[in-house]
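Let me begin by presenting the structure, written as structure tokens, before commenting on it.
Order of writing sets the labels: A, B, C, D and E. Residues in every chain begin at 1.
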């Protein structure tokens, strides 16, 4: 028997680190630098990462009276989320406002919030009880709401937080109503019990309604159309390092949740949700890409692109068997790598105060700081989905899965969409590659810290490894899918 | 050696690119590294024809390593007569490209040469990949350096037009590759393999659902036709030719698309390709005439060159879809020729443009006096392009025309021949306007070729001559592969084609066959 | 004295309150009122939970409500803090005027 | 008696909710919401959830809504302006809401026959029973709420604090 | 039991309790004036009736007859509602308080309006609603002092409610029940020795409760919401006549409620401090009235303490108040819970 505490070991580590950072921040002199706290948080998240890896040596099983389940599935997403948070923290250490500026005070809270948010996201991937799901989701959401509004000096920061918060809570209410309906239909909130009881549920219409309501909530969290309206505003207003985090980690967790709901709770409704995913995927990618074409602000553009990516990801759900789970796992990993990477560079190059915000502002980056510009090109190429980068294989697996599930038209729509997407990614890429207009003074990076270097390095390495040698990650995703299938019996 | 040579050819430019990135951008260091690297690559490519067993069908120098087990993708490389000379051509053009950029690229040489070498890898990769997914990877990868270099080193002063050209090129070629990938995935979903031979066998067996397979072949065709480009899909060509740096423009068109058409459309879907043939022939002939006529009236020599290229590439397309051995032979030969001649012309026009900062034909005149070497070599290249006997263009064009005449129809062949005549008209007009006549008083200063440029173009000219005199050196290696292609579905009588082929080879070499 | 009420009446009431909450979310123009509409929706859900808990004799349903209250409290704290910060930055709480970033 | 109480407080709840929508001043909306919450507390009592009923009043009416009124008072934001949303909201939103209500009610009515009648004082859940499940089966979520509350406090402080020296 | 009988009996109980309660309120005011007077070396009211005993009646009459002024700038609905909320919450909480031993007559509890097994929670919930009276009054008055007063009041009440609630947990843990009757029962065994404040080991909780309760009722030294010197009366600045009287009554009513709760939770409720030392009386009337006596006596002591504190301690500063609540009372209350549960689990 494995002691229960081992099943939530990464979360425990994260919580302890979060409290540590928080307390340290409160007890430090107001004017002293908070950078060390960032490093403490980073080391803590690394420890959690190690703990997650260590968890893979445990036999799969549940803990805390069947509320959490650790197996290859949870480990895969745990590692991914911890990795993202680690990179986001490293990135934040250097790109937050400089020491001594008033905005720098209490930055320790910022790190603590990131770490605490990771607790929720991690737990979301291992929860098999809807109550835990709900609370974990809220933990991750609330910390992101706050982080989104962290830049209070501009009007946009609070506005972003506000929009995110209101729409997020709205969606949560739907999710919650769905959970209530499931509970009403089966009398339980445990995922596996629900799945076994659903065929004999008291009322099948309730099940359908519950499904619909829960989908509203989850599709909002993954920012799929038509529940995507919050994304561009929030991404534009939030600090860039936070966007690096919130465009990836909560989404990864939400996709894990989506898998859990679709395959764990509602496998019965497979004939219903498959076409639904088809439509949502098609709409998301089309809407996201078409809207992105018209954007001038880089962060908005990437926000719309993330909607499109959610669409590509959802396309995988039209597959059959365990393939979709593996494909989604791999896609989230690759997406995380390249998206974190590009936002990391945006925040390093654009600065915390966003000196550069529009596409044309990025002209000449390749000349003023060749390395940063070159890596931006790499990430953009990966986002386009050019081979030998992670983005290609991500799309490849997602679409292969959809193809095998018989969704050929969706694949075609998806690939044509990636053609459209290439246009706006390339617009940014070419802007980076062109010499700056002579009037604008080309300013290089003021100083690139160790944190940013590490963050970008990790992201770039991950993008290339996933593009050239994706075997290991793919195997991990497959074993995650297998173990998920074993747990939920399909 | 034989079993790693292809990897070597692939990786040496890549390593060179990395080396360029790592070393400081001081003086000519990147350029020298790129030159040495590309020369070494060229040497490696020469290993291929030296050790190629020409009589044997099938692929040689094969390498096959499992890359991913699920989905099953292999690192499967190999060359046959079809791709052999194209690989060598790419190897040859690389140092030519470096030398062509020697003077014109002064800033950001690191970025330029590393991307240039990356492009090199991608192109070789396209020619040697035998796994369709790997092929697709290189195919897509080849778009990136061209787009970025066009944007970075646009020849015109306005960045907007460079961006537009780069975007146009990229989207034109990237969007059709989406259906291509869908088609690949469809094939994988039905056969469980991306391997070329396996897919060929599966398609030949006829077990795949028919109408969908038709769409798959159309997707393949579309992607390649844009890259060639075939008439109607050539929207990117003129822009890219006007904007892209010389070294990039000379490799952007032709080879990749034509090779892919033969290998992955005609060879992979023989029956379906035949159904598409009438359309392609029509487009090709129209393209020949359209390109030639537009070339006649251009005032801008880049535009002229782009329409001329369209015309001559359409010639190749015609040869391929004529489905005759001689036609295909000619097309393949012509593809190589196109690469050589185009490179030479681009290089020389690039010199003209760089020294004069003008691409208006009318602003030159009497340049032959001031740049005699340039003029002489330009005339040679132009004549090769026109198809003068004893130069390489002649052999290719003749083979294509005779193949069309026998295999397709007399009317088509006549129309195509008209294109040859027109090509003579516009090339001679170009020579006349630029090099002959009196120098105008306010004509721009132009310089002659430097010694390395002279050497480069001289070498190219020598090769043209050699290919025109002894085409059998090349065709002997190409023929078995093309016979493999044609044997399976050639329905027209073999004899007259062979006779025509024999006649032309003996005529051009003066030896009885 | 001891009449009975069908369970679905409670559920209908809950649905009606939820819908009113959605309507409020759509038509209210003040951020704080919009937030209140969300609270109304959560309350409506809670009523469903309690009804179902009664129906199934499952305590879990009630505990779920307890947790929803906790979450609502946490959300309220954060949400109101956001409202305060936006008021400081913009001097208004009317959604139509909070439009630095238009869609 | 159950029926009477249910009807009275259901009516209160609905009236409060409608009033919440109609009132133009946030503070009136807040008070309407308090009415809704208190009525719901009574309904919880009718459903035998006495602990929840009290928690509803203490947490919702007594803490959360106090925060709301507190903020309304602090910001002293006046009446809302009478802009009734955009056209999209009108054209898309209201039919959507109508559909939502229709679907919900229809579903519940269809499903309703599977559910029984509720009479007063059957199945009262005592606090002991509640806590037994809470601290045994659902120990983990309970512990998690501490993290949640911690985040909320941290976040609220971080957001609402005035950064000195800044505009 | 018949429905009508239930209703009538309940009504009678409500009326009796209400009358007694309101009288108690009135005389608490007198008590305060007298005591504070003595503390300040004055006599306090002494003219109306013997020892000024009729003073509350006259005060009431005065407030009732005064002109009722409603300032023109107020937000009327809430301005009128606020005192009602305050007073009714204050009166409501008395409903669940058992005054004497649980004696029944025809199945009805005599000394308590209603016994519920969540009595303590009801008390807390009613208290938490009481905030609105003060909050709304200040805001609707449209006066900056009033607003400041009510902002202070709401912040203060929310903050201290936490400590208040937590301080009760130890008691609940010991009794294992939320019913007030049960809580008194566990303190009844050995008289004063088993009261929560001594034998129950809840003395820390008692002091936390004491301080939090003072703050909850806005009494000195936590009377910042109505600090005359700063806010000219705080939230009730704009109120006059009966509406002012309502606030006044609510405040003193709350004091009495707090005293009752303290008595029930910490001081053994209606049980005698001597436990079994004095054998229980045989006479039924004495049996009924003795617990009532003890209860009233304990509440009186508590009220005395209240007034004593008011007469002697200076007012906090606002930041001190908040700091004290969050940084001192709350942790102490939590520690108390941890300690109590540890001890209980060991026993």
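Annotations for the structure displayed:
What we mean here is this: contacts are C-beta pairs under 8 Å (C-beta built on N, C-alpha and C of every residue); 3 or more make two chains touch, one makes a residue touch a chain.
Quantities reported herein were computed from a predicted structural model and do not represent experimental measurements.
The chains that touch subunit C as well as subunit D are A. The chains other than subunit C, kept where they are, remain one piece by touching. The chains in contact with subunit D and with subunit E alike: there are none.
Set against the Cα centre of subunit B, the chain with the most distant centre is E.
Of all chains present, the one whose mean CA position sits nearest the global mean of protein CA atoms is A.
In this assembly, the C-alpha centroid of subunit B lies 66 Å from the C-alpha centroid of subunit C. If each chain is reduced to the centroid of its CA atoms, subunit B and subunit E end up 95 Å from each other.
Averaging Cα coordinates per chain places subunit B and subunit D 70 Å apart.
Per-chain CA centroids place subunit C at a distance of 33 Å from subunit E.
Shown for subunit C are the residues in touch with two or more other chains, namely 1, 11, 18, 21, 35, 51, 53, 55, 60, 63, 67, 71, 74-75, 78, 81-83, 85, 88. Listed for subunit D are residues 51, 55, 63, 67, 70, 72, 74, 104, 111, 115, 137-138, 141, 145, 148, 151-152, 155, 157-159, each touching two or more other chains. Going by the touch rule set out above, the chain pairs that meet are A-B, A-C, A-D, C-D, D-E. The part of subunit D that touches subunit A in the complex is made up of residues 103-104, 106-107, 110-111, 114-115, 136-141, 144-145, 147-148, 150-152, 154-155, 157-159, 161, 163-167. Contacts from subunit D toward subunit E in the complex involve residues 27-28, 31, 34, 38, 41, 50-51, 54-55, 57-58, 61-63, 66-67, 69-70, 72-74, 76, 126-127. Residues 77-78, 116-118, 121-122, 124-129, 131-132, 135-136, 138-139, 147, 150-151, 154-155, 157-158, 161, 165, 178 of subunit E are the ones that touch subunit D when the two sit in their complex.
Here subunit C touches subunit A in the complex through residues 11, 18, 21, 25, 31, 34-35, 38, 41-42, 44-45, 48-49, 51-53, 55-56, 58, 60-61, 63-64, 67-68, 71, 74-75, 78-79, 81-83, 85-86, 88-90, 98, 100-101, 103, going by the rule given at the top.
Within the complex, the subunit B residues that touch subunit A are 21, 67-71, 108, 110-111, 133, 136-138, 140-141, 143-144, 147-148, 151-152, 159, 162-163, 166-167, 170-171, 174-175, 177-179, 181-182, 185-186, 188-189.
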